[in-house]
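Look at the two complexes coming up: chain A is in both, with chain B in one and chain C in the other.
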Partner chain A sequence: MNNNVFIALQTSDEARAIIDAILEDTPAATRSDFPAMVQIDAPGRLVVRRESVSERLGRDWNLQELHLSLISLSGNIDESDDEFCLVRG
Partner chain B sequence: MNKQASDIAMKGADTAKTTPRKLGLKERYNLMTRDLGWDTTYQPMDKVFPFDEFEGIKIHDWEGWQDPFRLTMDAYWKFQGEKERKLYAIIDAFQQNNGHLNVTDGRYINALKLFFQGVSPLEYAASRGYALAGRNLRGVGARVACQMQAIDELRHAQTQIHTISHYNKFFSGLHENVHMYDRVWYLSVPKSYFEDAMTAGPFEFVTSISFSFEYVLTNLLFMPFMSGAAFNGDMATVTFGFSAQSDESRHMTLGLEIVKFLLEQDPANLPIVQRWIDKWFWRGYRLLALVAMMMDYMLPKRVMSWSEAWEIYFEKNGGALFEDLSRYGVRMPKYHEVAQKEKAHLSHQIWSTFYNYSHAAALHTWIPKDSEKDWLSEKYPDTFDKLYRPRFKHWEDLAKKDERWFNDGLPMLCQVCQIPMVFTEVDTDPTRISFRESDYKGAKYHFCSDGCKDIFDYEPEKYVQAWLPVHQIFQGNCGGATLPEVLAWYHFEPGVDNGDYDLSPDRANWDRWTGTRAAD
Partner chain C sequence: MQPDIKISDIRPIRQTFSHIARRFGADKPATRYQEATFDLQPEVNFHYKPLWQPQYDLYDVRRTAIVMGDWYAFRDPRHYYYGVYVQARARQQEVQESNFEFVDRRGMLRDAAEADRALLTRLLVPLRHYEWGANMNNCAVVAYGYGAAITQAAQFHTMDRLGLAQYLTRIGLLLDGNGTAVLDQARQDWLGDPCWQGVRACMEELFVTADWFEVLLAQNFLFDGLVYPLAMSRLEQVLGPQAASGYALCTEFATNWHEENVRWMDANLRTAAAESPANAALLKQWIERWLPAWIDAFWPWATAAFGDQAGAAVREAVDRPDARAERAGIAAVASSPSPPRGGKP
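What follows is the complex of A and B.
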């Protein structure tokens, strides 16, 4: 079954913390690098956790700051104050 | 103040001396969006919103609308303001440091010309379209999403004009994109596409643009192409591109939501929505033929081929999307398998067309360099060497004899997508042009494909009114019967804006500025 979800982020410093956090919190995720862009694919579910990103940035990171680094995504969104999930299937 | 809000305000007052309770995201969103809507009392709702029923869509409960991104208006302004500050700082730096000289090659600018002539006016059209859709949908969640998107699209049109104005100081073809969009033959392709959507009802409009275009197809434009801009040293374009695309993520989720919402509301909506998905997949795919050419031929350094991008973004991710939607009874768009078969031909056929007609286009064309032809062979092993390399060789030989080939005949256009009839029967004989036709009220209409013919046959009264550039030239509505007259009407400067790149002032300037001589 094809239930792939993805998120694509810019290659800025802040986005690097988000990318690292996603890859740690979503063990099945795979990363592809393009010029100026990183795409992360995962089967079924991918998560961005506020705490994991804050820890890496060393400051309180508001989950909606994701909009500043986001390029694209695919999947159904489930968003709360602490987690932003992409899910499918 | 309604009850929920006053309860919260009271609670806030009670606990003011301790810590005020912080609202959760969902609560905050509800108060700042849904709660701002009201039912009209001076006039019945049906009279205030007269256009959200005639398409046959049945909505029983607008409260069933889910907004995936719970972005309130105040947060929206905050984040959009931050995006603008970043973008304009980069545009300033780009202008001050002669950023245009850092792109890989002067040929690259022609991709920007096509983008600015054909895509930026669509952003403005989208702003108008969403303002209209927001006015015509009575559900408050949908109206807030349309309002934000209308503002986003206006921002995209503006940031693109501001960014590209720097290139306009140094290169041709960027001087009058809005005028050109309304008149030029190849720009009638994007223009007619968008006007088809805007003249539909509000649900069809949102399904066509938010779902079929933004969700299913725009990743093909913005991801590989903008990443390609970065790869080719165009700091300004990649920045506005990704700044726009971060808004697109919200637009895409609106697209997915509208489709799920319509399908959950009433089973009678399914056949209507499926027909829109079929129609707008095909319309959008045909429009993206221009993007296929940009990716394979116009970027001096390439990120991925059109064929690879189609596999990643349509076959893999689009496939997952439609599997997900199959629970509602939705199937893959009709003729997706044709698009899959055409992927090894599309960019070559479109670039050849522009090569033929670039004396009538406000961008320059060229024969790919040998290393670029080899890249095309590698990416298109089954088609390039066999069908397209020999054609380029022929034209190259003619150019060496000072007989650069331009086609002086006007092509027949497809009545629906308005692209010249250049697509071929890839299944049976890829050298044979694909022709379809329908008779309607005593006249014959021509199409490039079964996809376009189906669209016409369902709504012939709409498409018989199409403003087809070639017909208009023959009818004498485009400045005159000769090429110079038509080009003057387009506001093109002959010998500057049009023709072969090698012979263009753009190339002479580029060589002079960068100190390079034409090696090959």
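What follows is the complex of A and C.
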């Protein structure tokens, strides 16, 4: 059984910053583009860091704003004020 | 019948403007900030020479002694372009308006102790003239600066300064139950009270300083570095409880705004200093020119506000620009905050 996790986000201006941040913070992640959607797959663990996204957006980004861009995800969620992790296995 | 839903994937022919694609090396989606900022500065085909400065072009990198390979290195860490800037300020404005309303309803400034009202009239409200001067100085940066990355942010900054001046006016009105006596008095203080004359002289000196980057550094980094921590925040400590609460609510925007300004200015200094040792040396030289003069100029105000605590207050405030300059890669600046030494810029 594979232990892949994924997150799918809309391709809005704001989500692009989130996508860039995830890809940098999760080196093993792979990106697939769909119409109006980007899916990011990663083996075992994927992380969204508040600080990385804030830096790209140039403002304080609240981790809960992730849900405004979120389409779907898979994996167990481990969440704090600073990090949103998807883990499996 | 079975409906057959087919997805057709329509790809845009290009992801962004060609000049943005050229700058970032690939045709990939750009942020709004990038599209509204980079390479917007007119660079060629100037049909008219500025007759008042025939040695320069209309827009000219030689108007400052700072030398940059790429003027778009001055990225705004807040990523402000018109839309984001206006939305951010609109949100802050709503909060500040409700603060003013709260202070007004409770009469927190109107009914404060006479001594506190006099102190705020003399030491806070005249800053509206300082803010207007800061607006002028930043207008000079916008007019003579180079590269849309820094002039755009400076343009927003000029508007902020007018807003801050208006908020100080509101404080004057609140102190006086909507009369204008406090504002008139504050203007007289700005023009005549000894505790403001050094500040006014420094501002006027800056009006006639030609190098726009020097103006930017002196106004937004050095001058504000003392004025904001002391006049917009620490002054609270010498007020009675009622006036202190009113003061804190009325200056909340100014305090938050200053923190934001610190981020922007620190990024500018870091970028300029990182470009070359010559730039870093120049910045250091400007700080050494303006900081002692500004401390001297501000000293009477600090004494009037904090009495025998003035030395400690000024030293604490000066430590911060010192530390910020060092972090930005400008070699540590030696400054002795007090007592004043009669230095002239």
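Convention: the second predicted complex is superposed on the first by the 88 of 89 C-alpha atoms of A that agree within 3 Å, B and C clash if a C-alpha of one lies under 4 Å from a C-alpha of the other, contacts with A are read in each partner's own complex, and residues count from 1 in each chain.
Basically, a residue touches a chain if its C-beta (ideal position, glycine included) is under 8 Å from a C-beta of that chain, and two chains touch if they have at least 3 such contacts.
This one's a predicted model, so the numbers in the text were calculated from it and none came from an experiment.
Shared-chain residue A:R88: touches chain B; no touch with chain C.
Legend: residue contacts after superposition of the two complexes on their common chain; A:A17 is shown touching chain C, with no touch to chain B.
By the touch criterion defined above, A:S74 lies against chain B but remains apart from chain C after alignment on the C-alpha atoms of chain A.
A simple residue count on chain A separates chain B from chain C, and the partner touching more is B.
By the document's definition of touching, of the two partners only chain B reaches A:F6; chain C does not. Residues 34-35 of chain A contact both chain B in one complex and chain C in the other.
Across the complex, chain A is touched by residues 7, 9-10, 29, 31-33, 76-80, 84, 88 of chain C.
On chain B, the positions that touch chain A within their shared complex are 24-26, 68-71, 75, 79, 82-83, 86, 219, 222-224, 226-228, 230-231, 238, 242, 245-246, 248-250, 252-253, 256, 303, 316-317, 319-321, 323-324. Here chain A touches chain B in the complex through residues 1-6, 8, 10, 34-37, 39, 64-65, 67-74, 76-81, 88-89, going by the rule given at the top.
The touching residues of chain A, when paired with chain C in their complex, are 11, 13, 16-17, 34-35, 57-59.
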